[in-house]
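All chains are identified by letter, namely A, B, C and D, in their written order; residue positions are counted from 1 within each chain.
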């Protein structure tokens, strides 16, 4: 398939796939589910083909596809993929397929559920693939509505509260993003093209000589960062996450944790940093500190939870802290970037951590969901002895949780350790604090496993319902475990495609900061 | 002057770039068609033709014909080198801008008539009266949109208002309806009076009522002495203020909005939909025309004038938006809620006008213009786009309200609980309209808002105050989320109470089709933006 | 006794206007309120005519005045009809009795 | 013919990966065949057995390839080594050059060997890369292998012991071969005992997984890889300790072990960060890539002559490149701050502390005895816990004297504490556990006092006799039907002879007894001797640190005391619990054979002492030749004694040290004899007299309660804080923010009762209330509306009037 159409297909296939669902008879639930699975599977196949055709030796954008969308405001419908977005795209396809498979527990108004689900997938793909800020923003918001309804209609008891909290947080963030977007638009001769904007920021644009002013960059960066940090979620903006996770149905929690959180990190890497290098550098230490704090804070908070799903949610906060940390370890000494390789390592680690977390936390939520489907409660203290009645399940769950714990040989390890290793160059203090996270993580995960899986017998309600996983669940479980092990043992499979793009990114950012620094000191800038 | 002279003048006007009476009449054709359809309807009832042909066919026919004619005029402008001309000896003007609005209004008229037919308001007895009132009001609005003279301005507003008063009170038997009508008429008359007085003062001092003349005269009067000590200045300020009151009434801006919630509450939903879109659009057209012509080339005192009036409008916009959103939140009756949301949206649109004025005030500043090209038209484009989307989303909401009312006889939000289970079509379309009103992509509402915010942002380069406006806009977007979401939530997430009146609507029935068409347009305008925004920009250029 | 100047007329117009507004705001009787409206409009008319006599406004002013009279009549007609309808429903024309719609 | 390195690599890799394959097969045994046969066990034994053969053949091949140069006289060898390594040249080159009688017959042969190898000099070690994990610019992380004699010895030792223990376990875990395994230690809430299907196959799967990870540590060629397998052995130890997942105590002990190890790894991680950031590589050995050779950690720190290249002010340490010159990067010489190097050393050592249960992280090991006894034998005495020592030894080149001093003291404290606790414990396995800790302390001490060879020597010997003793205790436990309390045993030697006497061998070995006068004893004697000797030498050179000699000396006595106490209580005397005595029986041969085999090795593996083959083999791979004294330049002014050659410091004091150690050991033994056999002194009396001390020891020096108070409780408190912070601070902040806006807006009524939870509700409430209060304006009174017109106009005009600039 020709490159351009490939991306467009990946983005719009799910939404188009949703249209025939309207014609299905409301009673043909099985049929609709299989239809949905087929759609997500096809999308995943397309992403895999993208992976095949992708040339990981190039660093720039590939499969670029431009066509004017709103000519007056010169907004383009432009898609493209590079090493940074490629893994996330594939991950999205993967997670969507799995959670679609996990959607059999949904029984209420299946049609609506599937339609919203597919639209959501389109939105997520669009976010990762769009190269136009405006388009990015639109897709970013497109996810909002389906997610709102998916949580609000199919969620748990306090679903409405959770849904509106999620909606409100994201909307508030995106209003800020909108303003930042306008800033760049009007300071760049009316362009939304992310690459062009990045060029201007690095002063290498053909059109313009000067780059964005410092104050503007700082302001824009703060607004963008808040917008993305809400999704990430980073410390002060994370309170929507536990509620959303706890209330959302299992498949949606899988998507939330597996893909949506990644958009925060992706946004920071793809937009916030390249567009305002000065602002980024200005805030780097704060970002790293925030990341470290989130690591510790999330771990502590997780330890105190009694709701299984809430615990996993807080562990997400903790894990995504590593992402923020890895991104931010950009050390500058009078204008020169020191130890760029270590920063590069940090960025790689952050990306890896995103994928790894996408696998592990998806798995964790799935495992929680399996239990919840059987006994309909999530109170950790009421569990125990699950390993006796469901040994197969317990074994898979253990692997997944160890992946979350960051055990070598599983995907969680590489991202965490590399981002921490990369941090010493930036700030030993932060590195040490972050490293202490390994103890806490081990603490709460092992304690949880002891309380849930180990022990002689299950004393909670519905003990009769505890039957071994069915084949569909086993398939999901094994796929997750396999990927977790694969990326844990052969991380270079993931590093190779990312490497080029990230190297280019760090180099251009470093150089652009130098130019800007020079400009400041020759005081050409406000 | 003998007959030949008159006739000759009739055929070919005597003043430069003014159309002859004949040409004027041809240009005036859409309005004429509508008026004649009114006459036709009344005559039809006289000869009781309406027993055979339902009256709404006449109205529909008239509306469509005039729409087609407007389209033709637009096309004419499009490819032949027709230039804007003043018609009827300068009382009105004929340019893309007016054509745009006349097209908008006639198009809207057709939709409203279709809606009334589907919802069965009015019954056959009153149909001729109702539709003639409707068409008359539209004619008035079209006059407003092409007015070029303060007299025309007043006539237009009155012609638009008087039928609306009657339509508000159309449900004769209903206490509320009559009460609403009374409040509306008295309030409207009062506002009109104030406005007229303002007009009298303005014309008196500037010695002209011609829009195109206003700016130069203003220059002439205030070239030597500006400042508030000067009685003339004060007087003009007062006059402008009084005129503004008239507009504020039409646009239901705080603190001249009081009529709006009550009138909407009392009036049938269809009328509410008509008023919330039509009169607002016309009023904005008129406002923009007046203010731009007042701002003139923005030199000297004019820059001062347009800046201060722009900021003033900005302030009012902030208050209006915030007030509307806050007040809407606690409403139980959906028509009332929509009324307040109308107020809020008037605020958003006013932001565009204020941004326009603020930007106009620096149009002589070439350095600024250098790196902010054609920002005025941009602001207008935003406004126009917003209006077009607003047409669909608001009409859709009101239509759904009317359809549900026909079955449940209730307009309380609480009675909408769980409608998604019974009539998913209505629920989904309502959700689309609501979210579009919030301004969430990929629904049309977002783009209008985004464009307006864009020009407001640009205006921040001129005056810091616009930052407040921008912030207010953003903040209100978030606040407004609550009550719009509440409707969507009630319909989609709550479960239908057992004792609630069941609602049935086949997805294939024509009302459902209508609703789907309207809300489909909202989505469409959220995905295919280019054509409309081009047209809007084109129309906006006519002003500058 | 010299010639009566423009300001005198304007004064009359202003007085009429204020009377009209006050009347609208104070009268409880619907008809009275409508009369207030008429006062306001005529206050404006006086201005127009006066200006057309004294300033460069010329005939325009008087034309406007004529138009306004017509419009006022039309408006009054509609208003009276509505007031009548109000009476039918409330059996009074006390505007304060119409307070169902609020909040 | 392929490179020697490649052949060794191949053999060892096979030995390393076979258990992993075994693990996969065994864990799924239940899918393929039914669970009640011993297939899993045979599979596991086969894997590890073949592994042993591979590593043994690797060792032999290597020896043959180097003509056993390592076994030649140390001083020549030492001289040769230093001289050779000067040119980065070969050990077996030395073998070629030496004209010693020992290798006389091999002389001719070795000459041409040397000449033919002269052009392609082999290194002291062989290393290479399996594959790259990641590469960031110049930085690369990969899976490597690093093979020298130490690796080979460790491999052989580990695989051998593991094989024995696997075989033993077949018998020990026999009762797991059932569908209805009744666990008498677990009581259900309905009063009954817990019963579950047996877990035979799972046990062996875990053992294989462990073997894989353990061998991974030994084979790994960079510190990062060590960390990886470090964690993996942690995992498998977690699984094995928690093997009886239904026992609360077991799972808790497992968690404790894992988390305490993580505490150590925290330090390890920090050490790795420092190394990674300042050296830019994790490699142990140099790596040749095409033309240029990239220096590994050891070369960078020690160069080729094994000396730290410290700047004049002692603040900086110059890094060396692969050719033994100062490494440079764009003109600037690469350096690392001396303190940072110390920190890195301590950090890495922290990892060892956690893994080999050194003070202050020793408390997890006794609890780890919850696991089945074979596990204690393999994981928690012989191999995994020794991995800490192995790491410390492997990383010796990077340790500065300050770090070594720290290591010495940690080891010193540990060996004493653990020994004292062992005095009072009555659980047979726990006694062994504490002795294990104490012996590990000895090894650490040895490393600390530069007794590099001694430490590893003791590591190997200890592995043999300790695993022997654990297996014996296991056989006792199995024989007595899971009675572990020594106070209920006694006189068992009549019932289980083999166990008893093999145990005795182990006891004598660990007690370090020898025939007085002659230097003929069991393995423990030689290795402990070596340690005490180097400790004495050290404390002679640094009189300030005399404690480092006293403690091990005294503890030698204590050790022999409590070991003999154990033996006497268990096997000697008269039975204290008739019931136990009646039911106990000797175990089948599948369990006793390994005991015999191990007993032989425990007795003889150290034959020849420091002249013997084992010691020579180990010392051959010493990366920092201790031929001469080394004086530290850093904060702590210590001098490391020299080891090799007849005139070395250690050699001087060797005999004295041996004498003293032997004496104290004998004293300990006699004491034990008097107390527990002759009963001339009554233990209970002493117990009463020193009850305070006794309780203190029984409480294990109160470490557990201390740590609970210091760490566990605070963590839970803090985590509770975090949650309440979310609920109680974060949201309220948003609340109060909204609250403020509300107050500023005039409509402040009926807010307070509606603060429920979260921003949304609040903003919701606020908007709602504001909206409500806005309703007041909309009175519905027409006249007020009209009034508003007038008011509006006037107000606005006022506003305009005031704002318009004059």
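The definition used in the following text is that a residue touches a chain if its C-beta (ideal position, glycine included) is under 8 Å from a C-beta of that chain, and two chains touch if they have at least 3 such contacts.
The shown structure was predicted, so the numbers you read here are calculated from the model rather than taken from an experiment.
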Whose C-alpha centre lies nearest the centre of all protein C-alpha atoms? A
Centre-to-centre on C-alpha atoms, which chain is most distant from subunit A? C
Any idea how many Å lie between the Cα centroids of subunit A and subunit B? 44
Centre-of-Cα separation between subunit C and subunit A, whole angstrom: 66
In angstrom, rounded to a whole number, how far apart do the mean CA points of subunit B and subunit D lie? 79
Which integer distance in Å separates the CA centroid of subunit A from that of subunit D? 36
Check: subunit D positions touching at least 2 other chains come out as 763, 775, 778, 780, 782, 786, 789
Residues of subunit B touching 2+ other chains? 182-183, 186, 190, 194, 261-262, 331, 482
Multi-chain contact sites of subunit C, meaning residues that touch two or more partners: 21, 24, 33, 95, 98, 100-103
Chain pairs that touch, as defined at the top of this document: A-B, A-D, B-C, B-D, C-D
For a test of understanding, state which residues of subunit B touch subunit D in their complex under the given definition. 182-183, 186-187, 190-191, 194, 227-229, 234, 237-238, 241-242, 244-245, 248, 255-256, 258-259, 261-262, 304, 308, 312, 323, 325-331, 479, 482
Within the complex, subunit A is touched by subunit D residues 131-139, 141, 186, 188-189, 194, 196, 227-229, 231-232, 235, 238, 242, 245-246, 248, 251-252, 254-255, 258-259, 262-263, 265-266, 269-270, 272-274, 276-277, 280, 715-716, 718-723, 726, 730-731, 758-761, 763
Within the complex, subunit D is touched by subunit A residues 161, 164-165, 168, 236, 239, 242-243, 297, 300-305, 339-342, 344-345, 348, 385, 387-388, 402, 407-409, 413-414, 417-418, 420-421, 423-425, 428, 431-432, 435-436, 438-440, 442-444, 446-447, 450, 453-457, 459, 490-492, 495, 499, 503
For the subunit A and subunit B complex, residues of the former touching the latter: 68-73, 112, 137-138, 141-142, 144-145, 149, 152-153, 159-160, 164, 167-168, 171-172, 175-176, 178-179, 182-183, 185-186, 189
Which bits of subunit B are touching subunit C when the two form their complex? 150-151, 154-155, 158, 162, 165-166, 169, 172-176, 178-183, 185-186, 189-190, 192-194, 196-197, 199-201, 203-204, 207-209, 261-262, 265-266, 331, 336
